[in-house]
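Same chain, two partners: chain A is paired with chain B first, then with chain C.
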Partner chain A sequence: MKEKLRHFIFSELIFHEAPETFGDADDLLEAGLDSMGIMRLIMFAEKEFSVTLPDTEIEPNNVRSLNALEQWIQLAPRA
Partner chain B sequence: MNAEPALIPFNPADYFTYVLHEEIRNAGMPGGYCGFVLELAGEPDFNRLQQRLDQLVVQFPIASAKLERRGKRFFWMTTGRRIMLERHQSSHNEGEAILGLQTAMDIFNQPTLNLDPLPLRLHWIATGNGGLLLLNWIHPLLDARGGKILLDYLCSDRPDKFKESPSLIGEKLAQWRWWQKVRFFFKAKRHNHEAIRLDSCLPTAMEQGSQSLRLRIRRYSKDETLRISALAQQHTGLAGKTLYSIGCFMRAMELAGPPAAKAGYCIPYAFNLRRQNAPTPVFGNHVSCLFARATREQTRQRQGLFAHLLAQYRQTLQNELDIAYLPLMWLGQSLSPSRYAKLLRKQRSGGELSSLWFSDIGELRWNEAGFMGTRVSGMFHLCWMTFPPGLALLTGQLNGQITLSYSYLHPAVDEAWLEGLIARMDAELLETNP
Partner chain C sequence: MLLEPFLRQCQQQPKALALIEAELSLSYGDLLERANSFAHALQNNGVMPGHRVAIHLERGIDAVTAVFGTLLAGACYVPLDLKNPHPRLAFIINDAHIAAMVGRGSPPPWLTGYPWLDVTACPSGQPKTTQAEPGTLAAILYTSGSTGKPKGVALSHAALAAFKEWAADLLELDAEDRIASSTPFFFDLSTFDLYAVLGRGASLYFVSTALTMVPARLSSWLKEHAITGWYTVPSLLAFIAYKGNLGQTPLPTMRFLIFAGEVFPTPALINLAEFLPSTTLYNFFGPTETNVCCYWPVDRERLNPNQSIPIGFPTAGNELHIDGTTGELWVRGTTLASGYWGEGQLHSFLNETGWHATGDRVSVNENGEYLFHGRLGRMLKCSGYRVEPAEIEATVSAVSGVNACAVVGVDDPTAGQRPALVVELAETLSLSDLRQALLRQLPTYMQPCRYWVVDALPRLPNGKLDYQRLRSFMELQ
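And now, the complex of A and B:
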């Protein structure tokens, strides 16, 4: 899951010179993930992993890192 | 710089912006010129800046190209012309909110006497200890995100890492099979069809007459910016900062009373295909178009409006309408500028589609070295727009402060009304009483 997220984020949303060196706990918001990007990321995750990510849970702590994203998606209800 | 001229074709979004440039010119204004202004605390190294401009033309010959039409298609033809740093002394210091602003506006309001004006110019407006660095370009050449990349290029220690790359729109289109393109085309057509149903309120009742460009800048303090960000998150979630600004504007206009009152509001905004912080592509437009729409009744209910705009945006992404516009723009290249413009601007009733031109440039950062060692103390943006709507709102954030730049046509937009609108916008963004 994390690798799919990583691939989508760094091929579509954020430029990073060496994305493979970006740690699972590194800060995606600091790296440039913006509000439009977060929405696209959520749509990608819902489609790719067949889950529903509630609007009320869209908060910095859930999207700040690849670890946080993975945990959020794993706990989300199935679509 | 004596290389043979080369022809660089427009990508679909370049043509989209060219069509609007022509509409602006047809209304008697200079055209689709945009400005990105850095407020610098000191003078940059002028020699180094000129060297970098020279290097720019060698590395990216499109920077000083001229528009060329061949049959139905449009191109940039490289010329190798130098881009000279144009230096000015600010002459209107008294009472200006930002020193040098009037000089910047004078530059913007100059008629384009030269038949082949440079598509990109760089100005330094000295204001005492520091000044304004104004990057002024014509929209078909690049979008605002490209403007930021270009400024990064000019002050970078590693200009070689900035490379040209193919159109991101072209890359996306190439990924799709023909039937996918057709499917997206019809999706986008339906999206457009919805957008043109609701008659848009406009910030001016005028549709013609001689106009000049003016600018009002509203910069929020760090505390105010923190409050706006917290309210944006509360009302539209982490994913909807742009929508918060758009919703606040719709409400501000509704509460101020729209000069041309119709059924609702339609605010097109760009979706940029560039990745955040990417140094490439530098030139070209890499944007698609989305619409934020609401009836006047929806606009009157603050909480409900934000929920509506967020749901609309979510629906747009779910239905892939954000990328569906790309095949539409691709096919638009086969239309003449006037026919394409009509499709882009006109509602079913014949009225103007856009209640406002809007762009969120996002949060920008310059490293500690600033621009060539000079601290960047602020920034603002400006652009010409079609008439109507005659009003453009460009928003961006630097050093923890949001800046709203209102470009407007004078006398089309009533200045007393605009002042009231800006006060309402403050109240909406900060959730206070006007």
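And now, the complex of A and C:
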């Protein structure tokens, strides 16, 4: 899951000089993930992993890193 | 004209709230006092009527102070996108021939050769009164240029005044209104917030950038402040409709929502409309050169998920014409910009018959409503930003080791379009070095979303690039 997220984020949402060096715990928001990026990421994750990410859980802490994202998506209700 | 209605509000209701930014707020009277002090400081630094002042501030109370202070000094403001890499900002201030730059604290390290003013540290003062003529420039908004460099769209006092009067009347804005504001001042949407809203004595509530990432909290914020109207981009409204918890957060005070800057996908608009049954929705349309030349009050009954919505009818007494051969929209009238600003001069953008050819392809339906069918030229619309592929190509070509390159747009479900780069590289240059060079010089929304290295770019028999083939290759990648 993390690799799929990583691939989507760095090919579609964030422009990074060397995505392979970006750590699983590194800060995606500092790296440039913005509100439109978060929306696209949520649309991607809901479809790709067949989950529903609840409106009220869309918080910076849940999308801040690849680790946080993976944990959030794993705990989300199935669609 | 442009400033008079605002100045009247300052006089008539000095204690009324003009601006609210997080925990800070400023009354009309205090805003005018700060703007006057800043105008005074500009004049003391040699800024004369007709000069240009670059604004190095994020949207908010200080930026509004700087904008009105600049106008009170008779000068024209050039708002900068602080997310742009420094070389692009430096190009813009040189091209604009600015007389000064305003910001907060100390100047950015890349600024050399121009006076710097800290808007938060101006001693109290009263500027010498200036009188703007209708044609005096009020703002220059820089956008991507098809010649390979950013270009400035120069808006006069008269053009902005015509738009704001028309919009304030349409929306029936008054001192009771509480309007949300989320648009950076380098976008033309901001002229609604600055002049229509503050010209009618309403309160402007700045939406923090952090809030735009948390849609459910943004809905609660709109509700909590009993916001009555908002002019913003479709993507943000689509995000709220999708994940803003609107089912549990009704917004009964929201009188109107206006959107512009990109096409609103109709399914997302239907979703939004269902959550907000009593809110009037408007589609505003127009390239920056016309500010807003068309508008459509959304007819809910006619929303069809498989059909894009009309751009509607002419605004503010503007005249529209469709070129018979190309289907291109031509505009002339009151809200039109004065021309392009470049190398310290104004350049007309009217054709021989006095119209501005927009580059947008349109038609008219049986109801007399205009419909938008895309661009004629190569311009892309990426997350609401105008992107000229030529500007990216010029930057890429300037990197040593690039033999040839081409930029094409690829469709993107949420960003509209994204630029993709096809490039011929010499052995001396790696793709990662090229990406690094572009990161330093182009803003994020102009960064290619895809790179494709080829031995030779596809060309037509006459040697020109074959963009048709490039696009179809990119779609398959």
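Just so it is clear, the second predicted complex is superposed on the first by the 79 of 79 C-alpha atoms of A that agree within 3 Å, B and C clash if a C-alpha of one lies under 4 Å from a C-alpha of the other, contacts with A are read in each partner's own complex, and residues count from 1 in each chain.
The working rule: contacts are C-beta pairs under 8 Å (C-beta built on N, C-alpha and C of every residue); 3 or more make two chains touch, one makes a residue touch a chain.
Computed from a predicted structure; not experimentally measured.
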Following the overlay on chain A, give me a clash-or-fit verdict for chain B and chain C. clash
Once chain A of both complexes is superposed, is A:A18 in touch with chain B (first), chain C (second), both, or neither? second
Which of chain B and chain C A:M39 touches, first, second, both or neither: both
First (chain B), second (chain C), both or neither: which does A:M1 touch? neither
Which partner does A:D55 reach: the first (chain B), the second (chain C), both, or neither? both
After the superposition on A, what does A:A31 contact: first (chain B), second (chain C), both or neither? first
Contact residues common to both interfaces of chain A (with chain B and with chain C): 11-12, 15, 32, 34-36, 38-40, 42-43, 55, 58-60, 63
Under the touch definition given earlier, write down the residues of chain B that touch chain A in their complex. 233, 237-242, 271-272, 275-279, 310, 313-314, 317-318, 322, 362-363
List the residues on chain C that touch chain A in their complex, please. 209-210, 212-216, 235-236, 238-239, 242-245, 383, 413-415, 432, 435-436, 439, 444, 447, 449-450
Complex contacts: residues of chain A adjacent to chain B: 10-16, 31-40, 42-43, 55, 58-60, 63
Report the residues of chain A in contact with chain C in the complex, numbered from low to high. 11-12, 15, 17-18, 29, 32, 34-36, 38-40, 42-43, 53, 55-56, 58-60, 63
